[in-house]
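Two complexes follow with subunit A in common, the first pairing it with subunit B and the second with subunit C.
Let's look at the complex of A and B:
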């Protein structure tokens, strides 16, 4: 009885999070004020972190919170507020029927592909979820995911991980190049 | 992981070190000679090339045989050459060496063609040359990359550097080019990442040569893997600029500074083709040729048709060269069609032909962009076809080289472009794709129309007066010894490669 209640509550909570995420994401697209869009994006990121928790990817949820909600959104806000065009504040998107139709078409194709993908899965999704739930409950303490991830990242995949530092170097030099171009 | 194998990546390290030196030098030297930074960048590329050749020679001496063309072609006997190093993240095979070599060449030549741009301070800053070198380092890593993770990170090093390079000139067009390139490039990377995520999710493997090894998992999640590979191919076709994912190329090539356009058209394209080649030869191979080669063939035919047809209507030479670049992507795709019953020797031959094409295309395209970058008047860049009128009288040497590049791009003998096209058409026919090869020959004949228009403009068209009341004068060029060095060097190489097409392969043996 308690377990059934618990499961129902979890389902309810899941749908609330999903609704929040989708609503926020929609608002990002339709918002006229770019600052409002950025705030909505933060809410959408929060929702995605919530979905990760439902998938038992706790570590990923924490990363999502720290990197996206904590880092990227703050940077986006800074960029908007520091750029010269904030006074205008709003953007007037051109909403033509062609653009609407194209967007709807792409969304429809992606939706159809996703549904097809789920239907074609060898193990039905509900069964796989129940299995993962059971595995999660029986494992003592936290899932070993982040430990394994750390070992793989600093062991087998250390080299690609280090090569990523060159990527950051390129981005840094590029940022300097853009700023210097403007100030000269 | 055997860390001593890291020495095989020393050429990349040399280029990276040069990138850092250039950026710091710009800060340290107060009154600098305008050739100081380009020369350091050039030295980085030359040293990188030297280190690459040194690596190749020491490997050949050690194993008493040259490396295989790709890791799948390696012998498996004990003591035989094993190109997979550093835990399989990199494959030091001939294909990798060739791509890294073309990347270094493209980097060096685009540095040479940028050195005269001192009137635009952004183009003579340390960051500009540093980013060129970083992009080259990314291309070299991409040439050797052998798993999806390394591949993705290397691809992004190259892409992020070129996004910024495309916007390094201080005008609206350059900014537009950079923004378009960034948005569409990020979009294509998203496709690529989605594809990799699907494939990894289905197989749990990241190594390019292992993901499609037949297994129970491959059968049970075939749908997921197919979806992943399709997304991956979209991303890669986007990066090489194949139709129908070519829309970004003309605007980006036209708006970017000419030196950067040269780098994008040659080095970036070669590196993107490295990914495509590894997918076609190592991941799919003959085993899956039935499934995928027709897709490559369709993309090749469409790309050749679109590129050549749209190039006919261009009045701007830089834009025309951009469409010509799309057409050449189509010809190159023909070189990556794999026959279902190909053996290792045939695949190696095909790869060799494709690499020859990349090298020849890099030389003639960089040369042509070098000439386009020089034609200007009162500091204004002139890129329209009519601006080239009379170039043969004012600068006969440059006009001759430009004519040679055009003939070579059109595929006329005795220039390098002829043998390049001949070789890829031959590999397509050998692999059993006769119709795409025939269409390739036909579009190639049609392409002469727009290449010869440039030659006609330079040699035949009457010159016009630039200002009313002035005597008509032919096109004027800015003098720059570095760009002249590039143009004449590339011109000489185009002829030599055409007369002795087996030269590069002779060096390998």
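Let's look at the complex of A and C:
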């Protein structure tokens, strides 16, 4: 989608999207109202979809929108609205030093792991990105990613794909079975 | 939009504008490249066009809906409103006031200026009012909605209450960007076109849930929940139908899907007939078309699927608490969504912007696929049409889309509303199995096609396809006629049909 976009403008847009994602994600954590947090999570997912577009993964961005924003967030909201415990719609967070310290520790470990991973890459990240940009521009008219993705999903990784499908189907049937037991 | 971007950097006049903007802002504080300016302009112009389009679509559809409702249900008013009723009343009152002894100078001046306008309105009555009665109703609607007080309930969740209509409108607005209006006139042609539309319209459910919850009203909440459940459920048959369209066209781009329905032969000559459209290309597609259409109807929350805003139970559902422009946003989104879903149906099943008449298509085609494009020197992968051909295609696309929109309105003013359980049964027990079997059937059809073509020749295959499709059309047509005309009815059904006929006779005989 951003095939002809100039680099400066692309950088500006990228930082806007990143800012949006991070702000929304922060709001998810600090929001007092649980539904506000759910809506902020939707905005964060939207931002992640935007980042996928900057990585030239248009198909993945659309999947992100359909599955997370259109499906999971709606289900999360259903769950919140139907559950009796959040009648007031608010939760009182207990922000102790222990919780803050634990959160900081987990965040630090994830950050360190990411930095280590980037350093251990065979090709430096910036170089790989530039290469991907160049490859994308020349092949932009022919549909890239999704055809290869389809071949990989339904060829090489057919078994894991089908196993995942059956797992989800089992979860669906299980949910129906549990609900039916209650009504009997 | 890449062609516009290139034109802005190459064209004489546009290049001057780009340079002026670069000089104006680039000198003052930061260094700006002309490419960035051209990019921003090339992105903004289609957005503005789409913004005008959504209002034209909403306004025009409202007018058509009022006319259809007035004709089907014999409603007085919208079908008889005259231009003089609209603004003429204001002017005649001003003239009457100026005649009073205590009239102020301003009033007298206004009456003097208004006097000739009364004649203009009389003239408009005789022309516009006779040919298109009720045309100005949508302008009156617009003025009313803008002038209305924008109420926000005290107990509402204010930021979310204000944000919700914007999200609903934005999702419909985003979908307008990817529609293939014509071969030359389109805003963007994404390589994931259909998938993009499915993704962007799925955000609508969030806006509706947000509106229902933020209103802090039981009716609104119930309406929002019902609507979200309905949209999430009916996304499945819609998704299956879109998937089948992708399987049969071999592409997700909206333009690519349209071109795939031309049926080019080896020499690049277009078949381009009506029977090359996807809906007739295999019997499964013919069955799938009503599946998609019904599911799309439900996704738009239109009658008979309008249980989220059922007046008899929920006042107005998720937009109960909204007034003025915020209500108008929901309204515009509904009409834009209708047009978007019908445009997708046209693109996937009914040949997109193709006219369905091969001589027209071959006349308008300048560069055939496989030939060398003189403008670029490369082999053209898609046909290139003359400007008249593009306009013809635009007209064909709009006529086809609005024909489907008309049927949606026809259904709305004819059929009563489903119950929630009936609506869910239709989706999960009828449309989804039907859509699923059609998907499997079309996939099998596409697998078998090359072998049949190799063994018996492409002509025999096309004839067989057309023959089977025609047979299915004929059989289903006979089935429909039998069902409605000759099937033995139960006493209850006989009674209800008699009442329906009598009611129509009474309505036809009524004089207003």
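FYI, the second predicted complex is superposed on the first by the 167 of 184 C-alpha atoms of A that agree within 3 Å, B and C clash if a C-alpha of one lies under 4 Å from a C-alpha of the other, contacts with A are read in each partner's own complex, and residues count from 1 in each chain.
Here is the rule we go by: contacts are C-beta pairs under 8 Å (C-beta built on N, C-alpha and C of every residue); 3 or more make two chains touch, one makes a residue touch a chain.
Since the structure is predicted, the reported quantities are computational estimates derived from the model, not experimental observations.
Q: Under the stated touch criterion, which partner chain does A:157 make contact with: subunit B (first), subunit C (second), both, or neither?
A: A:157: touches subunit B, not subunit C.
Q: For A:171, is the partner it touches subunit B (first), subunit C (second), both, or none of the two (neither)?
A: first
Q: Could you tell me if A:36 is touching subunit B, subunit C, both of them or neither one (first, second, both, neither)?
A: second
Q: Considering only the touch criterion stated at the top, classify A:120 as touching first (subunit B), second (subunit C), both, or neither.
A: Touch partner of A:120: subunit B, not subunit C.
Q: With both complexes superposed on chain A, which partner does A:180 reach: first (subunit B), second (subunit C), both or neither?
A: After superposing on A, A:180 lies in contact with subunit B but is clear of subunit C.
Q: Give the label of whichever partner, subunit B or subunit C, reaches more residues of subunit A.
A: Residues of subunit A touched, subunit B against subunit C: more for C.
Q: Examine A:51 and indicate which partner it touches, taking first as subunit B and second as subunit C; both and neither are also allowed.
A: In the superposition, A:51 touches no partner, neither subunit B nor subunit C.
Q: Of the two partner chains, subunit B (first) and subunit C (second), which one does A:77 touch, if any: first, second, both, or neither?
A: In the superposed model, A:77 contacts subunit C only, not subunit B.
Q: Enumerate the residues of subunit A that count as touching subunit B in its complex and touching subunit C in the other.
A: none
Q: Using the touch definition up top, name the residues of subunit A that touch subunit B in the complex.
A: 113, 116-117, 120, 122, 156-160, 163-164, 166-167, 169-171, 173-174, 176-178, 180-181, 184
Q: Inside the complex, what are the residues of subunit B that reach subunit A?
A: Where subunit B meets subunit A, its residues are 1, 16, 19, 23, 86-87, 89-90, 121-122, 125, 127-128, 130-131, 134-135, 137-138, 141, 147, 149-150, 153-154, 156-157, 160-161, 163-164, 167-168, 170, 220-221, 223-224, 227.
Q: Contact residues on subunit A for subunit C in the complex?
A: Within the complex, subunit A touches subunit C at residues 1, 3-6, 8-9, 33, 35-36, 39, 42, 46, 58-59, 61-63, 65-66, 69-71, 73-74, 77-78, 81, 140, 143-144, 146.
Q: Where on subunit C does subunit A make contact in their complex?
A: 2, 5, 33, 35-36, 39-40, 157, 160, 188, 190-192, 195-196, 198-200, 202-203, 205-206, 209-210, 213, 221, 225, 228-229, 232, 235, 251-253
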